[in-house]
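Okay, got some structures for you below.
One chain, subunit A, appears in both complexes that follow, with subunit B as partner in the first and subunit C in the second.
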Partner chain A sequence: MNGVELRLMDKPEFDLDISDLIPEKIAGKSLDTIKRIRLSHGNRRIALGDLFELNEIPDETIMFNGATRKLRRIGRGMTSGTIEVRGNAGDELGSLMSGGTIKVRGSAGDYVGGSMHGGAIEISGSTGDFTGGALPSSPLGMRNGLIRVGKDVGGRTGDRMRRGLIIVNGDAGGYCGTNMVAGTIIVAGRSAPGIGLGMRRGTIVALQAPSELPATFNDCGTYSLAILAVLSAYVRSIDRRAFSRLRAMSEVRRFTGDIGCNGQGEILTACQT
Partner chain B sequence: MKINGVAIENTFAEAFPMKAARIIVTAANDTWADHAGQAMTGFATSVIACGCEAGIERVLKPSETPDGRPGVSVLLFTMSKKELIKQIQNRVGQCVLTCPTTACYSGLEEGDPIALGKNLRFFGDGYQISKKFGRTRYWRVPVMDGEFVCEEQTRMVKAIGGGNFLILAETQDQALAASERAIKAMRRIPNVIMPFPGGVVRSGSKVGSKYDTLPASTNHRFCPTLKGLVDTALPDVVGAVLEIVIDGLDTDSIDAATKVGIKAACAMGRKRGIVGITAGNYGGDLGPYHFKLREILK
Partner chain C sequence: MLTRLRGGRVYDPANGIDGQCRDIFLQDVHIVEHPENIGEVDETIDLDGCVVMAGGVDIHTHIGGGKVNISRMLLPEDHQRDLIARGRHPRMGCGHAAPSTLTAGYRYAEMGYTACFEPAMLPANARQAHMEMADTPIVDKGAYALLGNDDFLLRLLTKKVDQALITDYIAWTLKATQALAIKVVNPGGVNAFKFNQRKLDLDEQNEGYGVTPRQILKALAGGIQELGLTHPLHIHGCNLGVPGNMHTTLATMAALEGVPAHFTHTQFHSYGTEGDHQFSSGAAAIAELVNANANISMDVGQVMFGQTVTESGDSMRQFAGSVFANPNKWVAMDIECDSGCGIVPFRYRDKSFVHALQWAIGLELFLLVEDPWRIFLTTDHPNGAPFTSYPHLIRLLMDRSFRNDMLATINKEAAAASHLAALEREYSLYEIAIMTRAGPARSLGLKNKGHLGPGADADVAIYREHANRERMFATPAYVFKGGQLIVRQGKVCDDSPIGTTHVVRADFDMGIEGKLDQYFDRYMTMKKDRMIVGDDEIRDEGRGRIAVQRVRRKS
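After this line comes the complex of A and B, so read on.
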């Protein structure tokens, strides 16, 4: 078979765990077989066909149409292929994924890309807390890959992040990049207080200077950094909107910290004119 | 075969397999990119004593470099992978890292990965920063003018060294003028370098010597001042010979460089003192690559 479109017939009453519906698990299966996949619906198991209308589509994609926030763990653990979500997605979208692409035309809940190892997640709307952060069961946040968010992210984005890139085209909620170990977060909009607290290493590029930085970050001066041009060239191929704003930042002010934990992380902010 | 009355000898250049890497060096402006490129490719005319053969392949516009700054593309050639790794580390470490405002990147996407900034990062003494964008890792090493950015790896590819041709002229001035014309034309060809000073070598060598300790010595049959003494290879009218050695990433590029170089040299013509074009070889038994002059110029 090719791809499959899943259209919700009724809004689920409880959260629905979709983690069994990833490209590698349904490859080669017929629509009837897929319909018989049993999903966790609240504290019960329910056949997928009881909630979704299934259609075969030419692209090798799993497409959720009319999705709601009740659909949790979409693309969890996927290693390849493409998932498209039209509507909103629930928590843990793309958590633990190591490859492939998830595109959401809408918003998503908490833990988007939680502890992911690779692959790419694109969200046109906003996401909840802990985007790219560590799942409660995991010591580290995202370890590789890319998360692009078209609008705002919630609190503690990139918490305990180890590697990879998060691009936020809107505002970042409180405590962005807390406890970061490495990796890069770009925030095009405003950053709420608490940014970078507990950072060991890693980079937060705040295209709008945060109104408030933790007292445990020290000013290292204003520079034109070659690495920002390299980052800008990379971002150009994946997010034109963020690229145009990043490119305009010829000089940055560099703050390092969190010195409260001997951290060598950095927050690069646009220079105030 | 003649071009503008200049005789093209029916012979071939004999070349050898080498290992090569392309490095992109950028800087705040053209001047400093050139300083870094010149330093990095200094004392790199011949693998016999320099460890590698290296040269600036071409000057890069800001739009052609990874960080949008002016730069130069450098090619390095060695006889072994081990030597290439050593030469890159030493030359980037001593000539690029030290040069104000520079950054250093891989110029090849295919080939075996070898270290570029992987070991140089330790100069940062723990303050170095790793940044991985997509599949490429960069190192940011804090230095006194800011940061030295260096890609972690570059690529090593199979290459060819020792393509060549010789310009036979009536006088030294004429040989030099023809060589300069040839080099100017050849520098427009990508994937090649002419590693000798100004791209030109006057001390063509033969294998061996009367002295046991020397592996190579002057090619006496091409020395005009010995014409009356030895079994010379030169016609009576020849008063100077200059050689252009070409290292390239592939045979097509060396062919192209040889062709434009010879044509540019021959543009002066027999009337302005250019007598002939020939090439250096060892009888064809040593090097697997033979660049036949007349076939290339067809």
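After this line comes the complex of A and C, so read on.
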């Protein structure tokens, strides 16, 4: 199968739920059939062809060109294949996905990779709140997979996360990693207050020491942890920028918590000297 | 405007019409006699091959009130998976097990139902329940106020006050909450839960007050009889869902000593303890007692397979059931010391022995209770299944071979443990019309509902005759509400009718007001007068209507 390029002809007036446009659902369909897919637009349903211009492209990719924040649920529930977004993506990008890759050249809204089970999401810009977090109705956040964010993330990144890796090259908003059950979050920039509240297990690597840690985290002193070498070797193949900063961190200060809920999670930060 | 519905086969049990071809005339909001001059007719609708019934009346469906809202908040996935765009319905909505108010109203109308009654309105939640029902389009509504676990009543019983005072309190509650009847949920048990009791049998004392469920039932059922309410005490008894609870249910029926009572979702109260799984059907014994006692009526609370949510005021039993929550999240809470609330999402599976037997027990009850005037068709929406499964349920009752086909697909052990295969009864359209329309309307004292005689409200459901009864009842050809055509071919075409709120009023001694004032000032979070829901709040400047049933007190 060849890929398909979707170019927005006009700025849509309302949010568009485009969860039907995932590789496995449109595989083997002609452009005409795809054009007839109906989308909810406000309180009406309209044909996809009325909003997008469709072209066939050689790569096996679904490409959204000139995307805007109005495009919600891109790649929701996808299991394989590739989606590329040029421009900004809306909320719930890659939510519930279990395989495949989504690349965004731009920023994305809230719930990026919300409750995802697997696959990889790569975003060059920033994301909104609850990146890798739990969708409303879901008891757990991200259950596996990888999310890479080039710039900043909003609040509550990795909320109730269960497994997987989130790499943030910029700053993290408030309450990063709240109620984490397990998994790893790496924040290269600054992290706002409230980090790790309600953590049960899991690891947050804050490459810059957070300005403020919750009172329910215990300072366990400085370590040189063997796991850091393993982690940086893994990250090397995924994200060179994060790798170079992670490698520079030979010793870390370890905080465990949240002891407010008998948590055994850890926040690893650079040693302040 | 005079509309003639010509030539349909009419099933109107309240007037003894059993499938004869008749013309029905609708004059504005009422059904009228055959006019002398047929030329006056403005519009004629030909109903060859159609069945004409009064609009459906659902006597027990949770469509408004605190717990419905809590279920909606607990289950966003229930809404996400069932979205309805504008176009399909006049206004958009969502929800399968706990639908939005709009969706609930439209879906009822689409099945030919024109009146629905919320059975569990906590007095403290009355205003919210009425506002929610006001947002439910098209259908008429009403609610039953919950008593029996409230601190005030239990205090009265502890003090062994005169029955007249309790009767006054019942009448005051009906007026203050704009209710149509009184319901009791796990009498005294919901309260006992707060004193760390995890079960309460009919003659067991509540540790906080020393009051037994039997005392509460007698006080309430007696008070209601004294007030002369048409609908008797609406009873959700002790030990819901507990294997062996059939004995409690039988004892509760006997405890009433001839006083009228309505036993609700009886399926959940008809379990025995025989067999390898210590779980069996008690339907035969329950049905036998109901058949022998004309003072008792019941609705079934049929279970249907699939995802739903159980919502009940019975926080004691819901807490016990919370281990079965699917998806795994639940809520149990107290509300203003009035009663409780428990929400447990549930998925009934046909391959599960217990669930399959529950399904069979419900059907056994339907088929074994002989008098359709005393058994009503419900699934206790959404506790057994969402109300949208009624057409399927009707087919199960009317079509024995279909029922046996379904029986063959459920858990084998459950199918073998049930007598369902041996039951040959098939409901007729006449009997269905009784149990979904005429019966509930008569039980609730709605004189203008549930029948097609002159003077009745022009609520008419017209179904195109089809051998597949499920298809027939799922998509009515036409539905009229108050004389307006609201549904055409199973699709809402007009949602302008405003549903009437039905309430009942009985006299009471004003002395109760002073006692309640003192009580509210001493114990409650609000003044008594703030709790009372006024008539004008229901009328809401023309957005609602109120119909008052006045009853005369006997003593």
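Keep in mind that, in the parts below, the second predicted complex is superposed on the first by the 272 of 273 C-alpha atoms of A that agree within 3 Å, B and C clash if a C-alpha of one lies under 4 Å from a C-alpha of the other, contacts with A are read in each partner's own complex, and residues count from 1 in each chain.
Throughout what follows, contacts are C-beta pairs under 8 Å (C-beta built on N, C-alpha and C of every residue); 3 or more make two chains touch, one makes a residue touch a chain.
All values reported here derive from a predicted model rather than from experimental measurement.
J.: Quick one: on subunit A, after the overlay, do subunit B and subunit C clash, or do they fit? Just give me the call.
T.: fit
J.: Looking at the overlay, does A:Asn262 come into contact with subunit B only (first), subunit C only (second), both, or neither?
T.: neither
J.: With both complexes superposed on chain A, which partner does A:Asn2 reach: first (subunit B), second (subunit C), both or neither?
T.: After superposing on A, A:Asn2 lies clear of both subunit B and subunit C.
J.: Looking only at contacts as defined up top, I'd like to know whether subunit B or subunit C touches more of subunit A.
T.: B
J.: Does subunit B (first) or subunit C (second) touch A:Arg201, or do both, or does neither?
T.: Only subunit B is touched by A:Arg201; subunit C is not.
J.: Between subunit B and subunit C, report the minimum C-alpha distance in the superposition, expressed in whole angstrom.
T.: Subunit B and subunit C, overlaid via chain A, are at closest 25 Å apart by C-alpha.
J.: Check subunit A for residues that touch subunit B in one structure and subunit C in the other, and list them.
T.: none
J.: Which of the residues in subunit A end up touching subunit C in this complex?
T.: For subunit A paired with subunit C, touching residues are 40, 43-45, 136-139.
J.: Using the touch definition from the top, list the residues of subunit A that touch subunit B in their complex.
T.: Result: residues 144, 163-165, 182, 184, 201, 203, 223-227, 229-234, 264, 266 of subunit A touch subunit B.
J.: Looking at the complex, which residues from subunit C come into contact with subunit A?
T.: 75-77, 80, 83, 85-87, 92, 327-329
J.: In their complex, what parts of subunit B are in touch with subunit A?
T.: Going by the criterion above, the answer is residues 26, 66-69, 103, 127, 129-134, 138, 140, 146-147, 149.
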